[in-house]
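So that you can tell them apart, the chains are marked A, B, C and D in the order they are listed, and the count of residues begins at 1 in each.
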Amino acid sequence: MTMIEIPTAIHRADDDLPWVDIGDGSLLKVLQIKEREGLWVIRNRFMPGYQVQTHKHTGPVYAFTTTGAWRYKESDFVNRAGSFLYEPAGSVHTLECIEDDTQVWFHMYGVNLNLDDDGNVASVSDGRGTYDAYIAMCEAQGLGTPDVVTD
Amino acid sequence: MTMIEIPTAIHRADDDLPWVDIGDGSLLKVLQIKEREGLWVIRNRFMPGYQVQTHKHTGPVYAFTTTGAWRYKESDFVNRAGSFLYEPAGSVHTLECIEDDTQVWFHMYGVNLNLDDDGNVASVSDGRGTYDAYIAMCEAQGLGTPDVVTD
Amino acid sequence: MTMIEIPTAIHRADDDLPWVDIGDGSLLKVLQIKEREGLWVIRNRFMPGYQVQTHKHTGPVYAFTTTGAWRYKESDFVNRAGSFLYEPAGSVHTLECIEDDTQVWFHMYGVNLNLDDDGNVASVSDGRGTYDAYIAMCEAQGLGTPDVVTD
Amino acid sequence: MTMIEIPTAIHRADDDLPWVDIGDGSLLKVLQIKEREGLWVIRNRFMPGYQVQTHKHTGPVYAFTTTGAWRYKESDFVNRAGSFLYEPAGSVHTLECIEDDTQVWFHMYGVNLNLDDDGNVASVSDGRGTYDAYIAMCEAQGLGTPDVVTD
């Protein structure tokens, strides 16, 4: 038998996985992808004015904010330190950061269908693509090849 | 407290949910959708020549075939009675039915990104849209409003 | 980079995975386990009188019956050819087979907490244990080592 | 049609859900349970010396630590601010808090099988039971009835 023993847990310390600059001072860290499940777990540090194109999720998403403030243009609530956000599959929204050093943890299933003004799918963001970009940016920025959890 | 007691199980007999004609004699039955999870559970009865446009899955898919034969144009294997098929999130393929009365059970997470010849997303098929179409076709075909499991 | 390319699909024909005798003529086939997810996909062929101890599920379960008849002692409905059964996490029941050659497909998350008459956990059945038992029984019955999907 | 429109997202601010004292100054907040999926999302504030009995998970668990320090007795690593921990289904461990004000976010599928010294299941902790206890403790401590997300 060649099956792997289930470990007690797989740990990544804060310093194990670097922050990469994704433009204008906003930062990204990819913690884990389960490509075959469609799961991606990431952390973001957004700067004010950072926006994420209107998108529709194909699976559920869970977000936990630890500093700063951000919102969806479609909603009244503001995510601040300690906020929990649940986004069911099928939900559609447009993210904008409104305070400095806004840190968010995202646990996401499926993909982001990025929508144009007519509601058509202009592009798709997913865990594997985000992982590939993270690895490439880390290497390009001299941060080495990060050991993202890839089960 | 208003939370619902967990039932021991929710059952649908074969006759509880009708087959609807989706064109050229191919049939569809929707058993369950969990819209917020992105889950859809359906049954198909395909006729020879039935095709499903090349698509990419955003979540994992599990298929069990009970009669007939079908294949993916991208693969050598043929699904026949008793075949099990696992499609990881991210997989891409083009279904074609090759024998009469091909019955398949699909347990699917996420959506189908239907791809054009250039690999762009031409349209999206999902559980909620399939459910809505099933309800509408049942009503239009005089089959009543089927009691699909919608948790 | 060492990440595996996502395949278009992983197929097992009916004959690829043997039925093993689990006592009194009832048969089992394990199709797939995702151990780290807690997923197990199996097929059963039950004989009349076959029972499964009262158990509670820790994740959701989906069952599709293709021949024969079986029921839960706690419920009025009977699963027959074409029946779909959804068992939410937390559901509790006692299976009994009531007709010859009762074939059922189970797609299961989590474990079975097998309960004694006082409702205490007497034992636990899970995907990995069932997989290990299936492999061992196949080898003991001269059926070789089956190539269960183990992602 | 009575199906609910998918909301853009469901938000709970930090103050929307109170911390309850679970003994010796350690605190708990339940953010969401999806009972039928077996999902529970909680936050803990542990005090040094707080321990969680050795347990086995029946589904995968994801933990994110924001302050303090804690560890598993079975492992060498220590969870500190920014640590990510992935616990596959089937993993077994014994939690102990080692610093003041240790705050952890847990995203958990399935149940904790609490094990005695012989490895037998002594008790079971799950999302619904934790939710019920949280509601009851909030009410007993004069904190009102918290509006946990219960989809």
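Details
We take it that contacts are C-beta pairs under 8 Å (C-beta built on N, C-alpha and C of every residue); 3 or more make two chains touch, one makes a residue touch a chain.
Fair warning: this is a prediction, and the values are worked out from it, not measured in the lab.
Comparing chain pairs B-D and A-D by the number of C-beta pairs in contact, the larger count belongs to A-D.
On a Cα centroid basis, the chain most remote from subunit A in this structure is C. Rounded to a whole number, the gap between the C-alpha centres of subunit C and subunit D is 30 angstrom. Distance from the subunit B centre to the subunit D centre is 36 Å, each centre being the mean of its Cα atoms.
Centroid to centroid, with C-alpha atoms defining each point, subunit A and subunit D lie 22 Å apart. Looking at subunit C, one finds that residues 6, 35-37, 88-90, 128, 151 touch two or more other chains. Listing the residues of subunit B that touch subunit C in their complex gives 6-15, 17, 31-32, 41, 62, 64, 66, 72, 74-75, 77, 79-93, 105, 107, 149, 151. Against subunit A, the residues of subunit B that register as touching in their complex are 35-38, 58-60, 88-90, 109-111, 113, 121, 124, 126, 128. Within the complex formed with subunit B, the residues of subunit D that make contact are 1, 3, 6, 35-37, 128, 135, 150-151.
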